[in-house]
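Below: a set of structures, written as structure tokens.
Both of the next two complexes hold subunit A, though its partner changes from subunit B to subunit C.
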Partner chain A sequence: MIDLAFFFEIIPALLAGLPLTLQLAGSSIGIGFVLALTLALAQQGNHRILVWPIRTFVAVFRGTPLLVQMFLIYYGLGQFRPSLQAIGLWWLFREPYWCAIFALSLNTAAYGSEILRGAIQGVPRGLVETATAFGMSRLLTLRLVVLPLAFRQAIPGYSNEIILMVKGTSLASIITLMEVTGIAQGLISQTYRAVEVFVAAGAIYLTLNFTMISALNALEAWLTPYRVRD
Partner chain B sequence: MMDIVGILTVGKGGWGVALLLASGVTLSLSVLGFLLGALFGAVVALGRLSQRRLPVWLASTYGTVFRGVPDLLTIYLLYYGGSIALTHVGKLMGGTGFIGLPAFATGVFAIGVISGAYQAEVYRGAYFAVDRGQLDACKSLGLSGFQSQRLVVVPQLMRHALPGLGNVWQLVLKDSALISVIGLVELMRQAQIGAGSTREPFVFYIAAGALYFLIAAATGTIFRWGEARAWRGMVRT
Partner chain C sequence: MKRYLLAAIASAVSMFGIVQTTVAQDAPKSITIATEGAYAPWNFTTADGKLDGLEIELANDLCSRMKIQCTIVAQDWEGLIPSLTVGKFDVIMASMFITPKRLETIDFTQPYAVDPSGFAVAKDSELGKLGVSAEKFKLEDEAASAEAIDKLKPLLKGKVIGVQAATTNLEFVKKYFGDTVEIREYKTTEQHDLDLAAGRIDGLFAQQTALAATLAAPDFSDFTLAGPGFVGGMFGLGTGAGLRKEDTKLKEMLNTAIDEAIADGTIKRISEKWVNTDVTPVK
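Coming up: the complex of A and B.
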């Protein structure tokens, strides 16, 4: 039933899509994290002019499917080609590659900002007050006290979000990008062997996710040297 | 830009009715998939909690695979895998050509399989939240093992599971958009059809997004209400 020769044929074909999957995941997780941190910090001051638009952005991107967001950016904005050309942004919205990264980044920024906001608020107030009493400026307190503790607190939640993003890159195949899932779908419709292709492509994603989780666990352990593991 | 309001109206030449009907498909697809997922999730959670090694191994593999592999890939597996098997059966019966599985049923099944993996984790976590002392109390009252689970543990477990189930539900609702790839005309697919025939993708995807948002908000309220009801009379810390 299971034909090893077939696996040796499809695995290299599927691995050819891995660089694209990694690029999409890597760029969107990176850009998304920077955006998420910015959004989380911007809400700390409780200025209504800042908080209200950010909350709206977060609610919209968490409340709608990623596929809708991707189609809206790729097909929807394509409708405004003349205006986008006029402001010099057409190169960005013309390419499915940039549209996918754009959509994935905004999506993960919305989820990520909530994780980071919670983690920042979870830093004990007394620590911030102590830092103030020591004469540390707000920026210095943020850099030396709040953020290191918040990042460590955020790692488990953020790990889940990173896994969701790796899985989310598969949607890019629907807007014509041939990453691992796109290639898998092509192989299934050519060979009619859905189970084997699923096993091979699934193994690639599981390996990727396991690597990410182990790296993040190691990071968490490194940031928590005193914690006794049970 | 054409007349946006005209496109989305309920009247003649408008797409309003089509979009609302498609929202109904999305909602029923999600509800049925979620319920099937509850069944799968309960079975998988039981496997995880088992004393024997094989059920534990099977259940954790199920969870790892369907939570770690992109949902789109799982949908392709179930749709193409099922259709290919069906085509083989068709050939044995003298048929020719590709036979596709019914998209709605496949969609419900796919959502069931995927959300079952997530729901299992919720149920397992909730099981441990029920105080062990309750089981001792059951014994002292002379309840059998099954009776104490059914009458004491499960009702209390649901209370702890509700917030997690609410999260899974939101995930399911958004995942249902992926069923559009196998040709089911739910909200996402209907928006694509409308966008294609009017050449107004922006309007249609905004409308689809708004409808998903409304469904998510309305159903989220139901979960919050259920949670408040489940916890009535309890002091929450």
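Coming up: the complex of A and C.
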């Protein structure tokens, strides 16, 4: 039986972890998007020397579990402290917070770059040729024709990725960051009431993602005024 | 009429339930014992995937005394008590302290070991220079333990201390050193050991026997146990085997087996083999 009084007691405790969850999700989605766009654009030129390393990166990060990536970046790199200190990067990998953002950003960059690459390639060739015929430079074509269309097409796919990232932050508790899931596990160990605590934590993620989906749907509707969904 | 009938059935069923629990339970023929498998030298997983350690050897000894079939399984620390209560296994032997809080949810046998908890820090830190003291403070002796804690506080000011999540050790550090140190919570002690070696944290708080085993490894030659050990109070009566409250017959059998193992020196022998010290509880 779910005890409602207890349920409302644990919600504030869990919400204390929400700022960290939001920070991790926000930073990694932001950094990841910039990286993803860079990687997607870099692949457009079909230069082998650019494409192969990117393909390898994408294959590695899409092909391994986020949990394993986080373990490797945190505990794995922790064992190379002298080398990291020598190249001046230890400050970054010393803190679990930066390690989590690093792992989450690279992971979402790999998935995101594939979504954006597909969206960019999906822009009709005719439009690009028309722009060229009007004398627009490649950069101008990209800015005014290709990217606006690509972003609009990428929204449904990319919103999936954003939601996965919000949920992916729950893995940060394994590297000592006490976000919503970490706090939930702590509460369970104090109360041994797994059902209430996990239901409450699930409700927080659901609310968060529902808000996110609504915002993205609104963005999509705004960018496609001719195709209003009812 | 129907409603009365239902009520009658309900009360009959509940009476039957009461009758059943008061009837003496049969001795189980086989049980499943869960351990964490990540808390060397008490219980750990060897490179080839087998469980080993003080508690594995003790569990096998107790089972042969009780003449029942035992299966030993590994389960994440945080999931041990919830899984026990829903019946995934019958007994927990995972270096779990018998604390008043856990006793609200599950039952325990008598303690089979008493092992103080303490700090491990770098040898050249302020606390490290002080070195380990053989003193043990009982938390129920509030004046003496408060004095010992106040002595440690200035030496630990601002340090980052790693503790395993969901443990009594964590509750202790939160309660007595929460305003002094920064606490990092780890899923397993193996993980906080790695972070101590990597220099991400300044110290650990755990059972002294487990810390001693960690510090014996070459990666930890710069670290030492430091300060006194703490027992009693929130640490409870010592380390016992956890079981469901309704399994009274099993508890009785385990208690008898533990009595025998204490009396014939088995626990002393096993503990000296694994943790280099005698952790036998004093009766």
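Going forward, the second predicted complex is superposed on the first by the 227 of 230 C-alpha atoms of A that agree within 3 Å, B and C clash if a C-alpha of one lies under 4 Å from a C-alpha of the other, contacts with A are read in each partner's own complex, and residues count from 1 in each chain.
Please note the rule applied: a contact is a pair of C-beta atoms (placed from the backbone, for glycine too) under 8 Å apart; a residue touches a chain by one contact, two chains touch by 3 or more.
The model shown is predicted, which means the values in this text are computed figures rather than measured ones.
Overlaying the two complexes via subunit A brings subunit B and subunit C into a clash. Contacts of A:Arg94 after superposition on the shared chain: subunit C is touched, whereas subunit B is not. Judged by the touch definition given at the top, the superposed model places A:Ile163 against subunit B, while subunit C stays out of reach.
When the two complexes are overlaid on their common chain A, residue A:Gly78 makes contact with subunit B and with subunit C alike. With both structures placed on the common chain, the touch criterion links A:Gly186 to subunit C but leaves subunit B unconnected.
Set against each other, subunit B and subunit C differ in how many residues of subunit A they touch, and the higher count belongs to B. Legend: residue contacts after superposition of the two complexes on their common chain; A:Arg152 is shown touching neither subunit B nor subunit C. Contact with neither subunit B nor subunit C is seen for A:Arg55 once the two complexes are overlaid on the shared chain. In the superposed model, A:Met178 lies in contact with subunit C only, and not with subunit B. The superposed model puts subunit C in the path of subunit B at one of 1-9, 55-63, 91-99 or 109-117, which is 91-99.
Residues 75, 78-79, 174, 185, 188-189, 192, 194 of subunit A lie in contact with subunit B in one complex and with subunit C in the other. Residues 59-60, 63-69, 71-72, 75-80, 163, 167-171, 173-174, 181, 184-185, 188-189, 192-195, 198, 201-202, 205-206, 209-210 of subunit A are the ones that touch subunit B when the two sit in their complex.
Residues 78, 81-82, 85, 101, 105, 162, 165-166, 184-187, 191, 194-195, 197-200 of subunit C are the ones touching subunit A in the complex.
By the touch criterion given at the top, residues 64-65, 67-74, 76-77, 80-81, 84, 173-178, 180-181, 188, 191-192, 195, 199-202, 205-206, 208-209, 212-213, 216-217 of subunit B touch subunit A in their complex.
Within the complex, the subunit A residues that touch subunit C are 75, 78-79, 81, 94-96, 174, 176, 178, 182, 185-186, 188-190, 192, 194.
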